[in-house]
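Below are the structure tokens for one structure; questions will follow.
Just so it is clear, A, B, C and D label the chains in written order, and each chain counts residues from 1 on its own.
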Amino acid sequence: MEDREQLLTPRSEEARLNGLCRWSAHTQGLQAKVVEDFRRRLKYFFMNPCEKYKARGRKPWKLMLQILKIAIITVQLVSFGLSNEMMVTFKDENLMTFRHLFLKGYKDHRVGSYALYTKDDVYDHIYYIINTYTNLQNLTVGNLAYEMVDGEYTALSVCQEFYRNSSIDPGNETFDINPHIEKDCISIYPMQSFDNSSALLTHINFILDFKRLLSVSVNLTLKTINLQTVRHHELPDCYDFHIMITFDNRAHSGKIKVDVKNDVRIYECRDWNVEGTSDENDYLLLSFDSVVILACFASLILCTRSVVNGIQLQFVSRERSLLMNIVSWSDRMEFVNGWYILIIVSDTLTIAGSALKIGIQTKYLTNYDVCSILLGTATMLVWVGVIRYLGFFKKYNILILTLRAAFPNVIRFCCCAAMIYLGYCFCGWIVLGPHHDKHHQQEKVPVSQLQAFIAECRDQPESGRYQTDEDSASCCVSPCCCFG
Amino acid sequence: MEDREQLLTPRSEEARLNGLCRWSAHTQGLQAKVVEDFRRRLKYFFMNPCEKYKARGRKPWKLMLQILKIAIITVQLVSFGLSNEMMVTFKDENLMTFRHLFLKGYKDHRVGSYALYTKDDVYDHIYYIINTYTNLQNLTVGNLAYEMVDGEYTALSVCQEFYRNSSIDPGNETFDINPHIEKDCISIYPMQSFDNSSALLTHINFILDFKRLLSVSVNLTLKTINLQTVRHHELPDCYDFHIMITFDNRAHSGKIKVDVKNDVRIYECRDWNVEGTSDENDYLLLSFDSVVILACFASLILCTRSVVNGIQLQFVSRERSLLMNIVSWSDRMEFVNGWYILIIVSDTLTIAGSALKIGIQTKYLTNYDVCSILLGTATMLVWVGVIRYLGFFKKYNILILTLRAAFPNVIRFCCCAAMIYLGYCFCGWIVLGPHHDKHHQQEKVPVSQLQAFIAECRDQPESGRYQTDEDSASCCVSPCCCFG
Amino acid sequence: MEDREQLLTPRSEEARLNGLCRWSAHTQGLQAKVVEDFRRRLKYFFMNPCEKYKARGRKPWKLMLQILKIAIITVQLVSFGLSNEMMVTFKDENLMTFRHLFLKGYKDHRVGSYALYTKDDVYDHIYYIINTYTNLQNLTVGNLAYEMVDGEYTALSVCQEFYRNSSIDPGNETFDINPHIEKDCISIYPMQSFDNSSALLTHINFILDFKRLLSVSVNLTLKTINLQTVRHHELPDCYDFHIMITFDNRAHSGKIKVDVKNDVRIYECRDWNVEGTSDENDYLLLSFDSVVILACFASLILCTRSVVNGIQLQFVSRERSLLMNIVSWSDRMEFVNGWYILIIVSDTLTIAGSALKIGIQTKYLTNYDVCSILLGTATMLVWVGVIRYLGFFKKYNILILTLRAAFPNVIRFCCCAAMIYLGYCFCGWIVLGPHHDKHHQQEKVPVSQLQAFIAECRDQPESGRYQTDEDSASCCVSPCCCFG
Amino acid sequence: MEDREQLLTPRSEEARLNGLCRWSAHTQGLQAKVVEDFRRRLKYFFMNPCEKYKARGRKPWKLMLQILKIAIITVQLVSFGLSNEMMVTFKDENLMTFRHLFLKGYKDHRVGSYALYTKDDVYDHIYYIINTYTNLQNLTVGNLAYEMVDGEYTALSVCQEFYRNSSIDPGNETFDINPHIEKDCISIYPMQSFDNSSALLTHINFILDFKRLLSVSVNLTLKTINLQTVRHHELPDCYDFHIMITFDNRAHSGKIKVDVKNDVRIYECRDWNVEGTSDENDYLLLSFDSVVILACFASLILCTRSVVNGIQLQFVSRERSLLMNIVSWSDRMEFVNGWYILIIVSDTLTIAGSALKIGIQTKYLTNYDVCSILLGTATMLVWVGVIRYLGFFKKYNILILTLRAAFPNVIRFCCCAAMIYLGYCFCGWIVLGPHHDKHHQQEKVPVSQLQAFIAECRDQPESGRYQTDEDSASCCVSPCCCFG
């Protein structure tokens, strides 16, 4: 086992051991042998795997286990990543399909740029959605189907939100408004067919009072099956897409923004049959996951034991008053190996992630995201942990020590720069921030998935949730570039 | 109170005090006690809050006041920023609405890329604007209304500017031109309706002589109410949009550039009623602003007193000829604490900004921009001022001193580089500058709000205002990148 | 000949020779003359060309040969590059032509953004392709012709792939699927003409069952001649374009991606006549290539001799036990000059590349790509080899030595950083990787030819070939930027 | 006058003068006084203006002249730049107008992306151009007029270039081609009107044989007057636009690229009258230009005199054998002040540029580009020359000397890196270079005017002019970034 703290330079360790030697020289006599034994035990504790093998012939099982772990965790991650990507792609492509089917004249618009400006356009778009919905089976090339509850199709609902009553006369500069919001919905059932828009118009009798209108939202539910997993020897999942098309008029600025969002529920299909398949592939994956869990559990136990050993050793040495001069915090920290903590955290995450993965594979669970984060973080820590083994080589050790020494100064500089930056950000946001041009936004492509993730947040400004977030939202674009 | 200059390294201060000591050794006797007292007073003056508390038990009220100020100013800024953003977004979205309503076939063109090339297109566009205007109430989804003056609707005016008379014959390479510019307008009233464009054509009898034409400008005024503030418990404002659509033919290059601009006037509506609202929210905001003003006023007085104290102390020392050797400029500047100047400036700006904000909140004022700049600059200074407190820690102090020492060299290098850069800019502008391709501009997205702000300037080249601005306009794109 | 290792600093060499001197002082007597001779031979071996000329009047033939080689290889490369570019441009422009001719409403879409969402669109597109194919001669402005086999035109084939049988009912959350894939094709011959789509429809009787459909692929072969080479005095080649248009429904997500790819076969035309041409240009190129091969062969032999000389000298010295103290690996490596290895590799590549080029020029071969890589790599090595001659100047030598000394540390740092980066990559891929938005991709322009090259890879995720590639595909975007 | 070399550090000058002192100590006696005088003369020669004023009370006229020159040259440059920009903008906007008028369905396409793929499209486009040309006066909003020669309108010519005869049969893999190129033109006169395209078709009888076709080019000449200068109190110029629309089929790849180019001739109109103008503005500009020329001439004479003085002083010292130890090249160069050379070059350029500017202003010349380059370079040099005056301050002098000392090492490193880079470039170009995707190019926006300028070069690959240019064209994208 490799119990030695390898971030210690030989020189400083030597110095410390010299200190111990000097100290022991004062307490000659009976205690001498005990001290000598303890010192040997300590020295062994701080040896690296290679030295331990030389000293007692102990084979570096733990080191081998770590190397094995890196290999299997990486393989597991890649396997999970591929199946995860298939699911995400399916969701994304369906959302794109809904946008093309339900939005009239949609041409891969950028987020936020699809907007309406005239009354006729708004009515047109709503009728277009209803028409598409009722004729969906004749239009779509996908396996989309209407939802059924108790043998009946669920309806598409068109809801409008509006102020309870209001008399707004900008010409006279007067208004009388009741800010209480009311909601009014109509339902359209799938199998109705309308000859033309006027027939639809008379049927549904849907009138919008744009002066009071806050938003129109069309809700519908479609079901589909992700068939492509069949070709990868995975069982197809059933998907429920709850689609919400919103016409947002809350600004009353003459521009109604249209957006399509969907909520997805993934679950095992009720009844299924795939001809000619065997469960071999499934069993293989499950057994592989089990091997990962076992390996991580073994590593977890071994590392925990080493940490406990270290702490015990420290207490023993203090109890027996052997090492009175080891009082400083940094000296005491040497008994606890930081790398073990890293491995323990990583192992815990891997075990949790693998357990989740088994649940997903056996279709009991569908929370891919949590599993992604657990396995991803674990793998990152495991790979970062490889640096430890580089530390066994002298040259690399110097490099690592240098980086560690420079760290506080870098942090200090960042701290100072952050103050200037924070002030600059507040000033910039307030003075220039709001002067967005909607052209400008049109050009601003979401650079990363992170931004896309943030863009999902639809909280209204009045919600009060921005009191602390807003500043960072407008500031955090390039702090690293400026002060890195 | 923290009256100590903390940018002083302990070593240099020590050296100076040693100097004082040596001097006092020469004037022993009667004056010795006076000098000793004065030296103690001086030492106390240069202590930091922590040391003052240890010395006389004086609690660091001023430090606490500054920390409180940072918190409340930041909160105030965020609150103002959100309401400012709402106003700016409303203005921007309305401008976008006008572009989509009044420009035929407008598809989120980039600034400057919407242009016409044929005579028919120009007439078509003008008729389209008139038609949209007369049918506005049936088209728009916003709360737009025509302006009324004395019970009558104000008219849309179509004005053309042209040379008084000109006979231009490029084929014969001759021209006879009178550069005096004449203006001819027609008015269209909102409630007129025209069956088709030919009816409109006969009615308005509007003929353009493109050879003499300089520009056609369509002016109209629309009123609206920013209702969305109701949902944020603020009172809706009334907006007057003075829309100006210009067809610019001043270049006579066969390309007529079309642009829509709007001037906004924001004011309190004449008569209003919002059911179920209370003024509680308003009172809360106003009282919060008052707290900010009070805090800044207190901070202003305390800092001014400290500065005055420092100057007095300096004069006293020179009067009494106690510190004859303190004659150098840098020694004398140590009595005036630069950070106090920073705080005083910041406080003044905050008080002015908060007063303006109260005016805006109570709808007496609408100059959001000035208030933005005042509050933004103040907050920036306050946050930069935090660096001062980092200077109390030894490690950070060294960092700050290093930066201060390096500053003159950096400035010196920049100075040198600026000369080369200036020459390079002039040369680049004159040799390559004008060869714009209109494709190139089409791609050049306004990168920042600053650029959008600059783009608002519509001064003609002949106005003479560019004699000093033009060079910097073409040069100042990346000086900091090159020589930063 | 320049046999001296010029990366040796004078100082270190002096030290080594001093060592030899001290050693020889111990073995005085009979052996003294032998040693002296051998030492002189060694010293001559390590001299640079200039010193050799001074020592024995030997002219630096090898140096001159290298300089000549650089010139002619570069000229050859440029000549080949121009003719290669012509071929690639012709291929690319034809692919673009096929996209515009066969895809209805194609407007220079970005890769992956051309997709269909409704059943009618899919049928429309297939009919459009068939119509274009049957009327090709009336449409295209190029020299495209149908392929003929045994006097008959080859057919366009429309193939659909689908699951053998499946009953998929997402509404009931049930499915019964046989994942075995069947294929069904129809053939259309060029000279058939259809009055309208309905006539075509009844004729071909082509029905798609979208629920089972995996993909539709249209295959056709067109022939053309790259005439433009005539104007560059090269003989025109004949091209076979095997065009494959795929409608990809494997995801069953409601979105059918359409892509046009082509496979090209280039070969000498069967029968041709170009009036007024002579073969002079061809002979000139071939003889130039031969000169390149000869020069490289001479250089190859000379360098190999020098390497062999060095190794012999080393063995001689060890046999005769003359230089017992030369045992270290680095000392022994000094006998083998690394630059010679570089030149030998470069020469081998050039000879192979030039031979290939002759084959291409005489139309026996058409593998431009392999030839590109051989000649390109060779030229790169030759130019990098120029640094060697800079090493003859003292100032440059120091620079090169510094770089060489810094190299291991740089590698070491990269090694360490790679670990962190690898962990970061795995984590990033799994957590954020799959969340592509299709808007995002639309904006992501292929930045380099390398990316475009990678994008050509169409392996399916299930192929198993991604087990090791996938991670790097998502990670390798900016490693150099971060750790360079 | 400031004759002193101010880049000399005081220390090195002191060392040199010390050398002189030691030398003079050897030749005591009669020559002592002569030497003393000469030494004083030398010392005066190397003084800076400030010291000269102190020494002899000589006022720094030359320094003042330089400062005056900087001011007036900059003003002149800005004035010229503005009028230059007006001319360039007019040209660019007219080119854009021609593209929109003559290209059917042109929508601000990027350069190179406007292409045709079917025969009908090509005919359609040609007819569209002819129709636009014959109806130009009814379409354009600009002052475009047909050219008249001897009272008759000049014709629009449609020319096709094709191989003399060719029988190309890609289906049989045979071709028989005569690479001699023939040209066939038809002429259309402006005032002809065609009812519809078929009438036009029968009239012009224009048939293209696409298999032999190399290119179709439409040439026409239009005249216009740049009226907008009237408003800037400049006289309007007459412009001849020679428009050439090319349909490029030289690749025979099925894609015909369409491009519009124009050649411009600018000249004074034949007969003109602008009411109410005076020539005051013109006279003012001319007299200002004259002042610039006079100032530069004075500066030129003074600097030349100083340079001559320095050289004379050097010869005198060598003749009289006074300074025998001044033999090194660097010592001798000290007599010639590099800054004077800079000023002399700058003055010469300014005088030439100003003379050209007077010619342009008085409408005798129209070569704006040459004048731009002369004045731009001159101004750059003048501003760079300001660094010289910074050198009078000690701190700045050290900065400048440091930069000068570091220069050779930077050059040396660049030299080394260039070798690697050159090899890398050749390899990259040949291996990856030609694999352009036409999508990729579509995205590649010309980043700068320089690129747009380069894009104007239309040399054919076979012209042989690329033998040395091509490599740099593909390589020079980021050399500075990599090795800067």
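Criterion: contacts are C-beta pairs under 8 Å (C-beta built on N, C-alpha and C of every residue); 3 or more make two chains touch, one makes a residue touch a chain.
Just so we're on the same page, UniProt names per chain: A, B, C, D = Mucolipin TRP cation channel 3.
Since this is a predicted model, take the numbers as computed values, not measurements.
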| item | value |
| --- | --- |
| For subunit A and subunit B, chains touching each | none |
| Copies subunit B and subunit D touch via same or different residues, half shared test | different |
| Of all other chains, the one whose Cα centre sits farthest from subunit C | B |
| Mean-CA-position distance for subunit D and subunit A (Å) | 54 |
| Chain centre separation in whole Å, for subunit C relative to subunit A (CA means) | 38 |
| Distance from the mean Cα position of subunit D to that of subunit C, given in whole angstrom | 38 |
| Topology of the chain contact graph, where touching chains are joined (line, ring, star, complete, other) | ring |
| Pairwise chain contacts under the document criterion | A-B, A-C, B-D, C-D |
| Complex contacts: residues of subunit B adjacent to subunit A | 74-75, 77-78, 80-82, 84-90, 92-94, 96-98, 100-101, 108, 110-111, 138-148, 223-228, 230-233, 236, 238-239, 269-277, 372-373, 375-377, 379-384, 386-387, 390, 395-396, 399-400, 445-446, 448-450, 452-453 |
| Touching residues (chain side subunit D, partner subunit C) in the complex | 113, 115-120, 122, 168-180, 210-211, 213, 249-256, 412-413, 415-416, 419-420, 422-424, 426-440, 442-443, 460-462, 466-467, 470-471 |
